[in-house]
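What follows is one structure encoded as C-alpha cells, with my remarks underneath.
Letters A, B, C, D, E and F name the chains as they come in the text, with residue numbers starting at 1 for each one.
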Amino acid sequence: MVLGGVVMEVRRPIPPSLQEIAGRVPTGIVSLDKIIEGGLCRGDTIVVAGQPGTGKTTLGLQFLFHGATKCGENGVYASVIESGDKLKRNARRFGWDLERLEREGKLQLVSLQSTMKAGVSTALETVLESLHAVNAKRLVFDSLSALMTAFESNAEARSFLHIMIKFLEGANCTTVMISEVPWGKQQLGTNFEEFLGDGLIVLDSSFDNSRVRRRIYIPKMRGTEHRLEGYDYYITREGFSLAPTPIPPDKIR
Amino acid sequence: MVLGGVVMEVRRPIPPSLQEIAGRVPTGIVSLDKIIEGGLCRGDTIVVAGQPGTGKTTLGLQFLFHGATKCGENGVYASVIESGDKLKRNARRFGWDLERLEREGKLQLVSLQSTMKAGVSTALETVLESLHAVNAKRLVFDSLSALMTAFESNAEARSFLHIMIKFLEGANCTTVMISEVPWGKQQLGTNFEEFLGDGLIVLDSSFDNSRVRRRIYIPKMRGTEHRLEGYDYYITREGFSLAPTPIPPDKIR
Amino acid sequence: MVLGGVVMEVRRPIPPSLQEIAGRVPTGIVSLDKIIEGGLCRGDTIVVAGQPGTGKTTLGLQFLFHGATKCGENGVYASVIESGDKLKRNARRFGWDLERLEREGKLQLVSLQSTMKAGVSTALETVLESLHAVNAKRLVFDSLSALMTAFESNAEARSFLHIMIKFLEGANCTTVMISEVPWGKQQLGTNFEEFLGDGLIVLDSSFDNSRVRRRIYIPKMRGTEHRLEGYDYYITREGFSLAPTPIPPDKIR
Amino acid sequence: MVLGGVVMEVRRPIPPSLQEIAGRVPTGIVSLDKIIEGGLCRGDTIVVAGQPGTGKTTLGLQFLFHGATKCGENGVYASVIESGDKLKRNARRFGWDLERLEREGKLQLVSLQSTMKAGVSTALETVLESLHAVNAKRLVFDSLSALMTAFESNAEARSFLHIMIKFLEGANCTTVMISEVPWGKQQLGTNFEEFLGDGLIVLDSSFDNSRVRRRIYIPKMRGTEHRLEGYDYYITREGFSLAPTPIPPDKIR
Amino acid sequence: MVLGGVVMEVRRPIPPSLQEIAGRVPTGIVSLDKIIEGGLCRGDTIVVAGQPGTGKTTLGLQFLFHGATKCGENGVYASVIESGDKLKRNARRFGWDLERLEREGKLQLVSLQSTMKAGVSTALETVLESLHAVNAKRLVFDSLSALMTAFESNAEARSFLHIMIKFLEGANCTTVMISEVPWGKQQLGTNFEEFLGDGLIVLDSSFDNSRVRRRIYIPKMRGTEHRLEGYDYYITREGFSLAPTPIPPDKIR
Amino acid sequence: MVLGGVVMEVRRPIPPSLQEIAGRVPTGIVSLDKIIEGGLCRGDTIVVAGQPGTGKTTLGLQFLFHGATKCGENGVYASVIESGDKLKRNARRFGWDLERLEREGKLQLVSLQSTMKAGVSTALETVLESLHAVNAKRLVFDSLSALMTAFESNAEARSFLHIMIKFLEGANCTTVMISEVPWGKQQLGTNFEEFLGDGLIVLDSSFDNSRVRRRIYIPKMRGTEHRLEGYDYYITREGFSLAPTPIPPDKIR
C-alpha cells in the first residue's frame, strides 16, 4: 500500500475509513474520482494547471455542475476575465445548463475584472458575497495567472489570495484554482502555486507519434493515495474522462 | 465524438444544432472553416500567433475581405504600426481590393500609432469609432506585441485590451488578434494571450528534411470540435489554404 | 573510508567516536538514518528540497513525530502558509496523532502568515516563543520559498533567516528547512539555500520507463560519511522509507 | 504558384504585372534579386539580421553602391557607431569607391552617435537632412541594436524609429535596417523588429561538417513570392553572392 | 612544454627557477600541489567554485590547517554566514584541531554577518584586524555568493571586495575565495569572479554510469603550468586527494 | 578568392596591395598574423573574448611586447582590476620583461580601478595620459566586462567607451579589447561588443574526447580575408601559437 508512490513489495492496503470517504468531494469525473479515493478532500484547494486548450475551464465547470446537480453542493465560478455569457455557451455544448442552475440559486458566475481594479477588499467582498449568496461548497477560480496581472502589485494579489484561501478553508469550500501554463512552456506561470499546497493536477498536451496526446498527471494530492503515472484523457460531449488504466510502459517516451 | 480530443472508441457524434451553425462566422479560408465546425464563434476573440513571415496579416486580411464581400459583415483592420497603404498593396497581390471596400464603407483601416501616444481613451475612441462607422462585425487587431510597447505602461495596455474586448463581446464583433512570436523563439511574446481565452491558432514554420514546412495548429477553440493535430498550409494567390488531411503520422518528427 | 565520496582503494574506515554517535539526531526514517551515520548532526539546519508532491511535508512531520514520541525531543512545525488543521488531517493518514502531541505539550504547529505581515521581529517572536514553549529540540520550517514572498523585501526575509538560524544553533535545535522546487524546474527556487550550509537532501521525482520514480539524493551532509548515489524511496502508511541499496548502475540513465 | 510557401500541386503562376516590376528596387546582389521578384519593394523597410561577421554591413554598402552607380538612386548610410572612415576603407576592398560617391553628391555617411545624445529631435534632423541633401532613395541604418543603447530610454528609441519610418515611407525611400544577433545567440536582440514588418533577411553562420557555412534565409518578404529555404552565400571581392539553388535536401541538418 | 595547454610536439620543459619554487604556497593537498608547480602563487587570490557538498569548505580548511601547522603561515577563515563552532566540529572529523590553532594564535575564525550590516568599512576592519592579529599569510573567504546578498547593494559588495583584494596583495596573503554554484546549475553564481583573476578551481559533481563522480578542473592558474584535463578527487579522513592521473580518454563522456 | 567565406569555385585571388600590407599591425603571434593578412588593421579595435583561463591576457601582453620590441610601437595595458605587479610576474614566465619596457618608456601598465570611481572624465584622462606619455600605438583594455561593473551606470560605461574609441581611431592606435565570457556560458557577457565592430576573436576551451581542446575562431575581421574555421591553439613558453592548419573535418564534432 503506497501513498502517492510506487509499490515495491505488496503490503496489505489499509482501506480508507468511513470518515475518510465521507470527507471526499467527488469531482463529477468518475474516472478521476476513482483514482483519488473518491474525490478531493473537503475544504482543500487544488491547482489545475495546463496550457491553453487543455480543458481547464471544462474541468472546472464539470466540477461545479456535478456538485450542484448531484451532490447538493452549490458553487461559484469566479473569473478574472471570462464573461458569464461565454461560459454558459460553452457549457451548453456539454449539456450543462448553467442558466437554470443560476435561476435555481445553485450557481453564481462572477466576473472580478472591474472589482479588482477597485482594490483587494472590493474584489474579496465580491467573491465572498457570491459564496455566501448560494452557500457555496465549491469554487472555481479562473485564474491564478490573471490574478497576477489584474492587481497593480504582487503584494495585493498575494494578500487577496491569502485571505480568500483562509475563508475557503473555514467555510469547508472545496476549490479548483486554475493556473495557465503559457503556450510553449512547461512551467507554471506564477509563484502562487506554492501557497496552494493541497494538490496539483497537471493537464498536458503533446505530440506523440503524429497524434496530439492529452495526459493528466497528479504530482500531488495531500492525504490521498494516488498513482504518479499519467492517464490519457479525453473531452467528449459528456465532459472529461480518463482512460481506465495508467499509461502503459511502452507508450511513454 | 470528441471535442478537441482524440477518439478512442467510436461514439455517435451529436451533430451541431442549427443554432450552433448559425452562430458560426466563416473565416473565408474554406479548408480552415471545415475543421472548426464552419467558422469562428460569433463574438469570440481568437489569437493568431506566429513568427515573422508566417502569414498572420494575410490571414487577417482574408478574414476581413471574405466578411465584407461574401457575408455582409463589415470589418476594421486596426494596426498599431502598419500603414494602410502597405496593407492595400499587399492585399492587391491576392486580388483583394481593399480600396474599393473602403470606398463602399465596408472596411476601415485604422492606424493607432499616434492615438496611442495620446493615451488609452483616445486610442479606444479611435477603434470604437471605426467599428461604429462601418457597423463592423469583424475586427483584426495587429498586434498584441506592439500593443505592449506602444503604451507607456503595461497597465495602460491591459486596460485598453480589457475595455476593447468587453465592447467587442457586446457588439457581437468577431475578432482576430495577431500575436508576434519573436524570430528564433517558440513562445508567445506577451502575457496578454491569457486574457483572450476563446481560441488560439498557431502558425508554425520550421525546417523539415530540407524544406520549410508551414503548419497550422489549433491548440484551443472554445465550444468547437476540432482536431489537435496540425495541418500543412500554403499561401497562394488565393490566400491561405490548408492541406485536406491532418499531418500523417510518419511525417511528424 | 570516504567522507561523502567514492571509495577507490579500500582503506580502513575509522569508526565514528561515541561522542559523534551521541551527537546524532535520528530522523525517524530508519533507512535514511542508516546511511547518514545515525541521523542529522545536532543543531544543524538541513535543507530538504523537492518539487510539489515529493513528500517534503511528510518527511518533516515524521521527523517531528519521531522526535516527540521516541527521543524525548519536542518540536515545532512553523509554516508560512499551511494551516495546522490540514497538517493534522494529513498526519492522521500515517497514524501520527499530532493533536495528542499538542495536548501533551510535545509539539506546536505555528502559522506565521499574519505575523510576518507585522514585520520581522513579530514573526521571529512567534517562532521563538513556540520553540521556548515546548522546549523544542526540533524545528520544521515550511518553506524557504514562501519566506521570500511573505516579506515585503528580500532584506527582511534574509534578516529573519539569519537571526532564526543563529538562535537555533545556540539552542541546539535541529532543523529541517523545506525548499520548494517549482514544478517543471530542476533548480532550487531561492537564494537562501547558501545560508543553510549544513546539509542538502533532494527529493526527486521523474519518469523512468513508464513509471514515476522517486529518488532521494544527499549532495551535502557536513561532517557525515554518506554516499552520493541516490536511493529509491517510497511513501507508505508508515511514512518515508528508502530502498535498502543505492540505485544500481544499470538502472540509472 | 506560391507566395512564400511550398508548391504542392502545380498551379499556373500569375506573372507579376509591369507595375509590380516597376516597383522593385534591385539590391545589387543579382543572385538575391532573382529570388525576390527583382528586388525589394519600393519604400519598404527590410531588417537584415545576423551575428557579428556575417556581412550585414557589406550587404548594406553593396545596396547603396549599386543604387548610386547603377540605378540613379542616391543613398545614406546612417550609423550609430561606425565612423565613415572605416566604412570607406572596408568598401575599398570590394572596389566600391565611397569617397567619389560622396564627392558626387550621391552618398552620405552619417554618424549619429553625438547627435543621439542631444535627443530624439536632433538625431532625426540629422538623418532627415542627409536624406534630403542627396535626395536619397535608399537608406542603410546601422543598427537597431545600437539604437536601443544609444538613447537614454526605450521610449526615445521607439519614438525615433516610428517617426523615421513614417518619413521613409512617405519619401519612398527603401531601407535596410541592420540588426545585430549577439554572438552565441540565435535570437534577434531587440524588440523593434516587429515595428519593421515588411521583410526579414537572416544571415546565418554555423559549423557544418568542419566548415563554417553561411546561409541566407528570408522568413518574410511582404508582397513577394520567395522561397523559404535557405541559400548558401559567399562574400567575394565582388561582394555578396548567393548559390544558384536553394540548399538541397541532403545538405540540411 | 606547455603552460595550461596540450602538448603537441615534445619540447624540452624549462624547469621552474628556484625563485619560482620559493614563491609557491603549498595547499596541503599534495596531489593538487603536484600538478600546479608546488602550490598557489604567493599573494594570489584563487576562486574555488562548486555546487553544495563538493567540499569547498573542506578544501579551505585543509589549506589553512596545512599552512598553520606545516608552513608557519597563519591564517584566517572569514565567513559571511557559517559559525566558527560548526567549522571546528567538521574539521575535527579530519583530525584538524582548529581550537588548538586558535589558542596558539595561528588561526582566527571570523564571522562577518553582523559586521556587514554595519557597512563596508566595519566589515573590512573586522577582516583586516583578524589578518593583522595572527599576521595571516593565508585567507579563506566564504563566500563570494553570500557577499552579494549580505550587503544592501552590489556597489557595496564590489567596493568591499576591491579594497580587501588590494590589501591581500600588499600583504602577500594567499587567498582562497569560495564561490557557490547553485544546485542544479553549471554556472558561477556571481559576477565577481572576474575581479579575481589569478586562478579558478572548479569542483564538479555529476553522475557517471550510476556513480557520483567528483572531478576537479583547473581552467585557470596564472603563471602556472597546469593540465586542463580534470582529475577525479576524493574526500577521505585525511581530507582532499586527487587521483594520480588525469581522467583517461575513455572515461570521459 | 573569398573574404571571410568559403571558396566554392576557384577564382584568382587578388593579392593585397602594398598599401594594404603597410596598414597591418602584426600581433606578434606569427601563426595568427599569417591567417589575417599580416596582422590587425591599423587603428582598429578588436574584441578578444573567452572564458577564464583561455589566455586573453597572455594574448594581450604578447601583442604589446611584440609591438614595443619588434615594431617600434609602444603600448599601454589598461586594466580595470589587475595590478601591474601580477602582470609583470606572469609575463616573466614567457620571457617578456615588462619592467624593462616600462623603464625604457615603451610600455605603461595602468590600473583604472580607483580613477573610475572618480567618474568618466578622470578615468578617461588617465588612459589618454598614458597613451600620450609613451606615444602609444597599441592598447590592451582589460576588460569590457569589468568596465560595466566599475561604473555606477551603464550610461557612464558607454560614454567612456565611445570617447575612448573615438580617440583611439584618431590616434591610429590599434586596440585589443578583452571580453570575459563567464565560466559555463557560451555568450559574450556585455552589450558593448556591438560598438566594437572591427573584429572579434573568440578563444574557446572545451572537452574533446577526454582532452581539453583550445580553439581560436575569428567570426569577424573587417577588411580582411580570413577563414571562418577554427584553429587549435597552444600556450607555450613562447606565448600563443596556432596549429598550422584549420581544424580538419573529421576532428570537429
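Just so it is clear, a residue touches a chain if its C-beta (ideal position, glycine included) is under 8 Å from a C-beta of that chain, and two chains touch if they have at least 3 such contacts.
Given the structure is predicted, the values throughout are model-derived calculations rather than measurements.
Peer 1: Taking touch as defined above, what minimum step count separates chain C and chain F?
Peer 2: Minimum number of steps from chain C to chain F: 2.
Peer 1: Chain B and chain A are one sequence twice: same or different residues at the contact, by the over-half rule?
Peer 2: On the two sides of the chain B and chain A interface, the residue numbers are mostly different, under half being shared.
Peer 1: Let me have the rounded angstrom distance from the C-alpha centre of chain A over to the C-alpha centre of chain C, please.
Peer 2: Averaging C-alpha atoms per chain gives centres 30 Å apart.
Peer 1: Report the inter-centroid distance (CA atoms only) between chain B and chain C in whole Å.
Peer 2: Taking the mean C-alpha position of each chain, the two centres sit 51 Å apart.
Peer 1: I need the residues of chain A touching at least two other chains; which ones are they?
Peer 2: As it turns out, chain A has residues touching two or more other chains at 185.
Peer 1: Classify the chain contact graph as line, ring, star, complete or other.
Peer 2: The chain contacts form a single closed ring, each chain touching exactly two others.
Peer 1: Circling the ring from chain A via chain B, which chains come up in turn?
Peer 2: A, B, D, F, E, C
Peer 1: Which residues of chain C touch chain A once you look at their complex with the stated criterion?
Peer 2: 51-53, 55, 57, 81-83, 85-86, 89-90, 93-94, 113, 143, 145-146, 149, 152, 180, 182-185, 205, 207, 209-214, 232, 234-237, 243
Peer 1: Which positions of chain C touch chain E when the two form their complex?
Peer 2: Interface residues on the chain C side: 1-8, 11, 14, 41, 44, 49, 154-155, 158, 162, 166, 169, 186-188, 191, 193-195, 197-198, 200, 202, 218-223, 227-229, 247-252.
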